[in-house]
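Here the chain labels run A, B, C, D and E in written order, and each chain numbers its own residues starting at 1.
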Amino acid sequence: MKTNHFERFAISPSVMIHASDVRKSYGSLEVLKGVNISVPNGSVACIIGPSGSGKSTFLRCINHLEEINSGLLLVDGDFVGYRLKDDKLHELRASQICARRAEIGMVFQHFNLFPHMTVLENLIEAPIKVRGEHRAEARLHALELLRRVGLAEKATAFPRQLSGGQQQRVAIARALAMRPKVLLFDEPTSALDPELVGEVLSVMKDLARDGMTMVVVTHEIGFAREVADQLIFMDGGTVMEQGDPREMIANPQSPRTREFLAKVL
Amino acid sequence: EIALPSYVKDSGKLPIATTIYAPFSYIDESGKQVGLSVELAQAAAKVLGVELTIDQVPFTSLIPSLSADRIKIAWLNASVTEERLKQADFVAWMEDGTIVSTLPENKDKYAKRTALCGGTVAVQSGTAADFSADQLNKECKTAGLQEFKKDIYPSQQDTVQAVITGRADAYLDDSTSAGYYSQVSKGKLVLTGEVFHKKPIGHIIKKGDAETASMLADAIQKLIDDGTYKTILDNYGMSSSAIAKPIVYTNVSQLKD
Amino acid sequence: MNVLPLKDDSVAAKRAQFTVVPLRHPWRWAAAAIVAILLLLLLQAVVSNPNLQWPVVASYILNPIILRGLWVTVGLTLVIMFFASVIGMIVALMMLSPSKMLSLPAAGFIWWFRGTPALVQLILWYNLSLIFKDITLWLPGLGTVFSVPTNTVMTPLVAAVVALSLHEAGYMAEIIRNGLKSVNRGQTEAALCLGMKPSLLLRRIVIPQAMRVIIPPTGNETINLLKTTSLVSIIAVGDLLYSAQAIYARTFETIPLLLVATFWYLVVVSIMTVGQGYLERHYSRDEAGHDPAPGGFSRLGSILMMREKWRGAQ
Amino acid sequence: MNVLPLKDDSVAAKRAQFTVVPLRHPWRWAAAAIVAILLLLLLQAVVSNPNLQWPVVASYILNPIILRGLWVTVGLTLVIMFFASVIGMIVALMMLSPSKMLSLPAAGFIWWFRGTPALVQLILWYNLSLIFKDITLWLPGLGTVFSVPTNTVMTPLVAAVVALSLHEAGYMAEIIRNGLKSVNRGQTEAALCLGMKPSLLLRRIVIPQAMRVIIPPTGNETINLLKTTSLVSIIAVGDLLYSAQAIYARTFETIPLLLVATFWYLVVVSIMTVGQGYLERHYSRDEAGHDPAPGGFSRLGSILMMREKWRGAQ
Amino acid sequence: MKTNHFERFAISPSVMIHASDVRKSYGSLEVLKGVNISVPNGSVACIIGPSGSGKSTFLRCINHLEEINSGLLLVDGDFVGYRLKDDKLHELRASQICARRAEIGMVFQHFNLFPHMTVLENLIEAPIKVRGEHRAEARLHALELLRRVGLAEKATAFPRQLSGGQQQRVAIARALAMRPKVLLFDEPTSALDPELVGEVLSVMKDLARDGMTMVVVTHEIGFAREVADQLIFMDGGTVMEQGDPREMIANPQSPRTREFLAKVL
């Protein structure tokens, strides 16, 4: 059912996320004014930028939580919300969109764990119901993931009984349980006590080391410098500057970038 | 001279309570309370030389209101029965029977009342017909016929509606009001057969309230004597239900003979 | 890892100009069409049906008995709802108190008044003299200060208001309790830290915020009450429905008169619904402004109903 | 600025050992005493009052007609509530849809069925044959497929279930709409991001969380419905209250029989309340665990009621 | 109505908050195990410490949101929740406690602005209703405070329409509107985007400069170093270490302090 459009659009097959001239408006407010980004397979892209610059909106467009108004946005060489046939984009049915979206994991600022389910239930719900895994298999995988994020003993706890850092680690494990091709993070540590930031970042570093493709909106410049393959600075709905994190942080080209980094560092 | 209880004498008023039950007591187009009972009550008040006041009290609160002394007289056409006499006393002023009412096309079919056996019959709860239906069912049994199904409805309109929509074969009605209903139904319903299971009907008073009982009996006696009673009953086409002398019922044994 | 350079923007833009074919929802249109046809058929059947006797309906719409009944219904509803809310509020606060001395009686109150049919309460209050002959105020030292026969005090209207207010209060207490519980604890603490007294805190901070949760079910309750008031006919207070029944009991114009009552109920309920909407908006006026993440749920609605939201061409 | 050195700990501790005199609440004790005395007096009056005829009450409690009525009441309530919830859910979802094609009919549904007295709807459905003599399925090409007289289909019980289900659905739709709206948007998005389909998302994520807001007013509604079912008596379906009425209409034992009905209603409502509490706990089981900031509101309650919370001496 | 117990307890009248051996338990869990702190008039005390160490609880005890189980806790020389008479502590009525509490301002991590009131209404509600100020006077004061926190033009906005940083500045203005003797801050910046932290801290610095007595629970070590007169490190319900901020940060005595600072810095 999925088809590849790498050739058609002359994109290298090693590109996981390809955005060119992506535009998005809310009513008369243009939030994304032509965004161009390319995230290769297995790489980590960090997006930084002031509040309201459209970072979250862009992430939400990637997994089709928001529809874009124009431009080209491909994940692993295909559209998330459409099927290309006879040079026309046919909207997909909700269930089909969901199937594609399942391959794109997302981690939110406010965790958004399901409060009425235990940690384990949070992790196995979607694999069983969406991917059709067997309960036993899903459980095994979930417990392994919990071990990986250091929370093996919290499987039967409810989210409310965990600290923010623990909740965020569970949220990451939940996204991983769907065996996604790519993980999107929207400010995963900014709702956490500084003390707890470290534990979440270290889980994310492990993931990056294991070769997970990740797009991370963050204010943790240290993390970006250490882990990211590319750093993207967004402002006012466009990409102002992008490149190697170390270089960009040490020597930002645009004055806006310089100003922003000065505030955050 | 009729002896008046203190609550009448002191206030100069005869306070009665009625329920809506055409044609005895109902509301006319202008919102006034009218009907046979009401006319009789007005005549009685005149005889007693006091003013009449009417409270409209729905059936459910009649008995509690009597017990609570909220009302003294339930000016009604209630059947006098054994079980009721345990709760209240009666002043009977009419005799009532039961009659079958049905659709015009079934008039002949149900002319004999045992033809109802095995069918469905509608009655209004607590009316004379309600008691009569049980008695009729016994007759069915003795005649070796199947009993009929008694559907009890909370109001007369509902029993009528049940017959018109064909959910019941017929309904049993007090002979006194049946005529009125067949008349207002504009030919949709007809009466058939003759009146059966005659029994006394009358006003309800609190158990042991002898003063009120004798006042009511005396007043009605006076109306019978001076002919007012007959004139009113004639007006409503109910002279066949008239009695010669009101009876105060306080005891079950009075019913036996 | 090396980042692929992007192609020239204009090329990228050009190669992505596709027409978007929106998802078709044939079943939804079919359903809408069927509903529309059924409604038309029903309308036609209803309008042309002689059994409904529309001329009779028209002739009774402004009948003075009906209008008086309407007035009784509306007046009683307002008065009873007022008392029920006040009592319900007190009971709800007692319920939420950690002191058993207060929460137990409150729970008992709710249990009794929700559990007993309104009809029974009405009859018991109306005939209170069954249980207490006189209402007497006796003070130690002073002796009997005054004493009146219960029946004098418990007029039908008083009985109706007392019985139905208490009955309704049982329901309102549950609704208000739920609303108060929904207010964030931080709000209470912030207000306390500003030195607000419990009563002020309740009046200015907690209740206005609880209102959002309280109003919708209260709308339901009020409409229920509007119809429950027809019970007062039992104690000879003639409300709208009872007046209609009193008329058709005589004239046998059952259906037309029920339609008359329905008409007026719909009018009143419509007005109340408008009022409810207005109140709901008033108590969420802070949400009216700029909201970067609009109505979480209307989004869910749009997803569930698979609404097309396409606003341009990709 | 220079920080004062603290004195030796033990000195500090010693000089601060005071007995704490808790705030006295004489009025509260007085109120409790008065309530207790009044309740005792009432109990005494009620138990010893001959008007209430307790022996008669006892003799009717297990009367087969009453028990059959109880069964009808409970059975009808359950069946109707089931249908009303299902229909109400659909209507609530339609209401929340941003598509006018769905939300307008839903609003119309709620308006009509909340606004029309249940009695009227019951009579109209029961007498459907007045409007449609036969129910006919006519298909283009095939002609009349089948045709049955309306009265055969619309038995009293069917009429009661249809009419009251639709009526109640109007109320349930409002309650469910309110509940669904209360679920945080982030939950929906998280579920969508996990690839959940709208139906799954609704069933597993939204509804379980909405339940907390839905259950309390639904409790009220169910209890209301329990009593509203007594309307079915007008179409000769004898429910609990009506069965009692049918008996006292014959025997004049009004008060005792109303007490019998009250007794059973209280039993049923008590069971339902327990069930409601159980459901409420079930849907907030995640809150049962360790909670560093316990029940925001029970704190407010304690402040409002000025409960003593002193647990030691300062 | 207020009385001074400075002499009685041999405390200098220049002490605004005096805590000695303050203990507090929730059920069997002892959260404060004998806290000794003294905050002189016009000084700034910063409290740091790991999550669960009892920082918030201690702040809440100061303004009697929680009652302490034993120890001595005086604000401006008097008890907040009691009256000392005949060597006995008489509990005060709720309204009396409220009157005392009004002199102690508090700013929360999650702002807790009243969402149903505009910014101005948030500011004037308590001064009018609790302090009995005239509406016009309260308005004037409120507008001046808003100007001071840089939000003069937001008076008619609702909280929801403001960014987190703006909301927190309004919350500070709201506390100031009651003309408190002392301000308590419970992690005032930890729910904010890093970009927005600066604006709140700068308002707090201004306050400190103007001589406001402040107790600040925070993770912003930079702020503590720059502004605080004393730094207090709490752990496990006790004060582990306290002293001059610069010294303590540069050279922590206890190993726990060192460990914690290493994580946060």
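Criterion: a residue touches a chain if its C-beta (ideal position, glycine included) is under 8 Å from a C-beta of that chain, and two chains touch if they have at least 3 such contacts.
Note that the coordinates shown come from a computational prediction; the quantities given were computed from them, not determined experimentally.
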| item | value |
| --- | --- |
| Per Cα centroids, the chain farthest from chain A | B |
| Pair joined by the larger number of C-beta contacts - A-C, B-C | A-C |
| Of all other chains, the one whose Cα centre sits farthest from chain E | B |
| Distance from chain E to chain A - Cα centre to Cα centre, in angstrom | 38 |
| Centroid distance [mean C-alpha coordinates] between chain E and chain C, Å | 43 |
| Distance between chain centroids, defined by C-alpha means - chain B, chain E (Å) | 81 |
| Multi-chain contact residues (two or more partners), chain A | 94 |
| Contacts with two or more other chains, residues of chain C listed in rising order | 119, 123, 130, 184, 186, 192, 198, 254, 303, 306 |
| Of all residues in chain B, the ones touching two or more other chains | 60-61, 64, 67-68, 155, 161 |
| Interchain contacts (touch definition) - all pairs | A-C, A-D, A-E, B-C, B-D, C-D, C-E, D-E |
| Complex contact set, residues of chain A against chain E | 50-51, 163, 187, 190-191, 193-196, 198, 219, 260, 263-264 |
| Chain E residues touching chain D - in the complex, by the definition given at the top | 9-10, 12, 14-15, 20-21, 25, 34, 36, 38, 40, 42-43, 67-73, 79, 82, 84, 87-94, 229-230, 242-243 |
| In the complex with chain D, residue positions of chain A that touch it | 63, 65, 94-95, 98-106, 108, 110, 112-117, 125-126, 129-131, 157-161, 174-175, 178 |
| Of all residues in chain C, those that touch chain E in their complex | 184, 186-187, 189-198, 200, 204-205, 208-209, 283, 285-287, 289-291 |
| Footprint of chain D on chain B - complex, ascending | 59-64, 67-68, 81, 83-84, 86-88, 122, 125-126, 130-131, 151-155, 158, 161-162, 165-167, 204 |
